[in-house]
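Take a look at the structures listed below.
Next, two complexes with chain A in common: one pairs it with chain B, the other with chain C.
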Partner chain A sequence: MLQKVFHPFDPFVLLFTIGFTFMGIYFLYKVIRWIEKLSEEDKELLINNIFTVKTWQALGETIQESLLHKRIFGVNRRLGFMHMSLAFGWFMLILIGNIESIYYSGRFFKPIFVSVFWRFFDPGASFPKAVYLPGFAFWMDFFLLLVISGLTLAIIKRFRSQWLGLKRTTRQRPVDRFALTALWLIFPIRLLAESATCGVNGTGSFLTGTLGHLMASSLSLEPFVLPIWWSYSFVLMVFFLCLPFTRYAHIPSEAVLIFFRKYGIRVSKESPGFTDLSLHACSSCGVCIDVCQLADSLPDRRIQSNYFIKALRYKEPSNVQWDCLQCGRCEKICPVELEIMPLRQISRKDMEIGSKATISGHNGRNGQKHRILYFAGCMTHLTPSVIRSMTTIFEQSGSSWYFYDSDGKSCCGRPLKLAGQIEGATSVREQLEADFLASGAELLVTSCPICYRMFKEDFVLPGITVLHHTQYILELIEWNRIKVNPSMLKGAYHEPCELGRGSGVTSEPRKLMSKLYQSDATPLIDGLCCGGSLGGPGLALATRRAVARSAFNDITLGKPDVLVTACPLCKKSFAPVSDIPVLDFSEAVVRSLILEPTQPESHRALKSSREIPVTAL
Partner chain B sequence: MLTEKKHTEPNQFRIAVIGSGPAGISAAISAAAIGMEVDWYDKESRPGGKLNDYHQLFPDREFADLVLDDFTGKADSIRIKKHFGTTITRIESANGQNVLYSNTEVVGRCDSVIVATGFDFFDARIKEEFGYGIYDHVITSPDLEKILKTGHDQLKKGGIAPESMAFVHCVGSRDQQIGINYCSRLCCITGIKQAIEIRELFPSCKVYNFYIDIRAFGSGYEELYRQAQEKYNIHFIRGRVSEASENQQNRIVVKAEDTLMARPLKVTVDWLVLLVGMVPSCTQVSVNQAQCSDPETGFYQLQNPFAGSGLEKPGIFSAGACGGPMSIPEAAASGRSAAIEAWQYLTSR
Partner chain C sequence: MSGKNFGFVIKAGRQIDIDVTDSTLADDIALEVGAWRACISCGSCVATCPAGISFRSELPTLNRAFQHNVELPTLKSCFLCGKCQLVCPRGIPTRYLSILIMQKLQSRKNVAEGIPSV
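What follows is the complex of A and B.
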């Protein structure tokens, strides 16, 4: 027995070794390829940050996410437990197995298979039980039990996903199912193998010991021991051989992704290496399916992010990147925090007309300087009531303002960007940026959350504060530049995806609601997509209508008298499905405005001297 | 259908007609002419429905009032029991007997019902980009019809005749964006007729019609379309209007695309008229708590469109534009045919 401990080997370990070595080499190759295909800037980020504290932070995050799956816990506890028990349990089995093998063999460096199959080489018989319990054997059994409990949940999820709080589970490719079967078999076979060895030797803890004892008492175990260990090694080999080509590639990839992300690398079309890594890091957990509003209206189409990522990763012929409203709900909930929206956008880059965008960005101010620019946006031009209301608000507040796109000819570029026409978007942005800066403006107010997000995220406008009109109106009210009388009606606020989730403007519209309506029936749900999004050029209008209708029903559960939104597109999407008035904030404000008589010049001058200090915003 | 052994007297049957537009009037007159006992309902206190608000009718330009007088004269000369000012909201149908409700109140019982509740005009405020309800000088075709009827001076600004006017076809019709995919069929000819009227009233006024197709299907319609172009010099521009805005002089700036010339264009007009489509009436009745509407269009769904006008339950028939867009002659014919259908049903059951 001792001899075995010091020179542990049996031919069956070769199967595992082949699989594991293949996976290791292949994965190493992938990592090299990913780094190679990073842009020069990203490579620099990698080199500059690798020997900093960020590496340690990334290590901590890896433990939290790859092993404990903290974020999945936050989304769905049962699902979190399933992922945690499989990943953390297995990791602990490897770790404790390793420590045990080092402890008893006295060797630190030894082939990997030694610790993996340690129980075969050392059933524990040569050691006194008192030392052994509740030592390694107990903990090994404990974590094996944890893994098996997670496995049970995984099997339940496959067949009865609603028991795990998922309406739908992912539909898998054949090779994924094959690897899944291998994965499912690993732990029951391991349990059998360890129990058999323990049964023969009379060792083992509460799980393997008990089962081993039962097995040994009912049949002659000796001839079965080796074949079971062979099968264990075989399923391990199959799993490791499949791993790089299946969803299970996320196990090593996610850790690499966490490190790269910590170093500041982001999805961009210049860094295909990082894009490929992101695609590999998707665990296909499926939480993105239920949050997708299209899951109900298009149940037969596999358009949710995990299918989209699969289609990209395996280069399946598909136009799935067009069938998405880009509302961002999946990105927000994604436990791996994949940059799904940028992935969608760069996957759209092949559109033919993209290279020929000649849209002009600005309208020409005739060289005049203006302190406050109002940029309505093209969508707001389709809702003239918003422009009219904003005009009233500007006039009432006494601000001197300039209607930048009064002729409706300017484009912020975001529709181009969402359609994957990155170059067109950039050229439009550069023109507009230059003109904004030349205008001498300090404040840029827009009525459109789509423009707002573009100005905030993509534009570089030093010295210019960009505000959505909800923020601006709130400032005007708080600075007493306009006065409102709250309405007796019950209002509900629909949060536009580009404003709330997209740009993080969440509190101002809600504060404004409380100033405009005595009773607020705004639902507590995360901003839904109205169906009108510019992000989904591939979707049929009937589908968009279905999305609008179901979103409207969810938003108006509190039976409001009026629905208030902050985006012209949402207003237009809801108008045909709504039986209550749908207003933009500007209109709601004008309805509640305490109008002042036409202001004399002196008053106006006085008011203007009390302009809102932009820096105070 | 009629069996020998059963001898039936028409007056043993009681039939209800809901609605008093062209279809309802014709149905009531025809049912009474057959000899049935007719209960006639309308939500308004006088008959005629939307015909009351029209000025002249296409394509021959008869005055709507005269056409309506002709209808009501016939209805007055025959025995029909009128229950105007009563809104029927639902019908409970069981064992061949129908009970009519106005909300929760029972207002009548009968053997058969003809539903002729008509249509509503599309609410143009939903297409906000055209500015209806926002700009004073954007009106709809029924608005213009009322103006023409009550005095076209309302179209003048400060006593000056309008210089230009534009009509937008297919507002709330053939528009997937708002989920109305069907063609309302009659807005084209309405727009042509109204454009001609404007040219007659204000010969110096330029008139533009923005259309996607002209569907002049009825007898005399195509001729009127040709006249509009050749005799009245009305500009027909193929292309959808994208948006309308108001300039400093309160005139309407229309942005559109001329798809024949393949170029965008901008026209400034004094008035913009939206030719609104026909949508299901908001006062549709339910039968045994069920809405009998077609899921696609919202109009009543006919059980067998080839053989007649039967609705959800036997003995209940639809007539006129509550089953889909129809012209006045078509609606009147459909009312007469529903009366015959009802008579056949009652005598053969």
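What follows is the complex of A and C.
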């Protein structure tokens, strides 16, 4: 017995050791490569932040996400339980097994296999320790049961994904399936192995003890014990050997990702290391499939984010990066919080389009200063009624405003950015930025959510407040600068992707709805894409129409009389599939506006002295 | 040019000389976006373009592709805003076409200069 204490070894542990060592070395190599391929700024971020409180915060987040899977719980409880039980359960088995082995062997440093196969070396109370703690056996059984319950759900999910609340589950690559089989086998074999050992020795708790007792009473167990432990070690080896090359690479990668992200590193073209890390961190859980609006209209094209990420990771030849609408629903729901939209954008090749794009600039300004610049946006020029309505609203409010792109020759640069033409987008942005700042304006109002998002996210405009026209109109109404009479009709609001999910402007349009319509039939769903998005240049018109039609049906479930949106592109996309009027907010406001007689010039000057204080917005 | 006089003349600048015309680029693009052959040169795209590009005249240039060195420099000032696509009466995905043409031109240039494609 005493010999066992100091030399717990059996040849079967070698299989596990080979697999585990390989995985460890390979992963270490990967981490070094990732850091190597970071941009200089990102390396600096890493060095500057590693010894700060952020590391502890990242550790907390790792426990919360990599082990407990809190965010998946938020999306789908059954799926969350499945992931949690596998990850947290397995982690606790390792942790408790380790503590148990330290407690009984009295040695802190020992080969990893000793704690992994501890039950084999010590079926329970076989070591001369003053107090035997039966608690270990109970908790080991408890967590093994937890893992097995998660495993059962995983198997059900593969064959009946609806039972777990998923319409579709991820289609796997053959290597992934192989690793999945190994993973599925690990725990039942572990249960058998531990039960057999416990059955022979008459130990074990409620699970391994009972099963071991049953097994021992029906057959002579002795000859089976070693073969079962051999097979347990074998499946562990197979799993660890496969891990770096399959979706299971996410297990270690996700933790690294959380740390890097905490240090402020983001997906960019300059940091291929972080991009590669993000691709490895996708667990391919599949929640991005059901939220994708193209899942129904393009079922055979694997464009959903987990397929896209796989195509990038394994460098599969595919053209799917041009097919995504970039509505951002998958990015919002992603439990790993991968930056999917930037990943998509940088996967689209930069090829000089827009590199020579020039904006016309507002030459007609004649050196006059205006507090408000109105930037209609390219698309708004295709919906002239929006421009007319905005003109009426500006006139009625008595503001001093200037129509920046009245000639329709400016662009915010976001269409180029969405198409991956970063160079062109940057050039357009810099030209516009300089021109805006030179204008001396304090407020920039735009009618297009695409422009709004670009101004908010990418532009640096010190001293200029950027507002979408819904926010601006709401301010006007709340400050009594314009008056509206709520319509008797029932309205429903369609939230544009770029405004709601993209820029976080959610409450203002809804408040505006309540001021414009007496009954509001806005659905409680996350903003759908109208199909007109500039995100997916490769999508055919028929697909876009199909997306528009299904989105329209979902939005108008409450049978509204009028559909109100805040984006010229949404208006254009819904118009052909809608049987009710589709209005932009500006048009809806003008319809309900209580018109005041046009003010004489002098009066207007007086009025403009009581502009809205933009700082209060 | 010697030969029989048929009673009419073909000016060198206006003939399509199969020996020097390379239609593979246009064919490649037509394989992916067949719709571009449906262009009727109505000019809606030109009328709405904020960058002032005449897309409708780019397409015949592409089709003729004289002497392998077709270049469409005006596309470098394209904003990719997609207005032309929205107004196109023939439903041609002009925005994607713009990207595709530049992509193909770029890879040809890379091949010519010996740069491996990524």
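Here is the rule we go by: the second predicted complex is superposed on the first by the 589 of 617 C-alpha atoms of A that agree within 3 Å, B and C clash if a C-alpha of one lies under 4 Å from a C-alpha of the other, contacts with A are read in each partner's own complex, and residues count from 1 in each chain.
We adopt the following convention: a residue touches a chain if its C-beta (ideal position, glycine included) is under 8 Å from a C-beta of that chain, and two chains touch if they have at least 3 such contacts.
Since the structure is predicted, the reported quantities are computational estimates derived from the model, not experimental observations.
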First (chain B), second (chain C), both or neither touched by A:D300: neither
Partner chain(s) touched by A:H381 [first = chain B, second = chain C, both, neither]: both
Partner chain in contact with A:R545 - chain B first, chain C second, else both or neither: first
Which of chain B and chain C A:D579 touches, first, second, both or neither: neither
Which of chain B and chain C A:G408 touches, first, second, both or neither: both
Touching partner for A:E40 - first (chain B), second (chain C), both, neither: neither
Broader residue contact with chain A after superposition on the shared chain, chain B or chain C: C
Chain C-contacting residues of chain A that also contact chain B: 381-382, 408, 541, 572
Chain A residues touching chain B - in the complex, by the definition given at the top: 381-385, 387-388, 408, 541-542, 545, 571-572, 575-576
Chain A residues touching chain C - in the complex, by the definition given at the top: 322, 349, 351-358, 378-379, 381-382, 408-411, 413, 415-416, 418-419, 421, 424, 428, 534, 537-538, 540-541, 572
Touching residues (chain side chain C, partner chain A) in the complex: 48, 50-52, 73, 75-83, 86-87, 91, 93, 95-96, 98-99, 102-103, 106, 118
Residue ranges of chain B in contact with chain A within the complex: 125-126, 128-129, 131, 133-135, 176-179, 243-246, 255
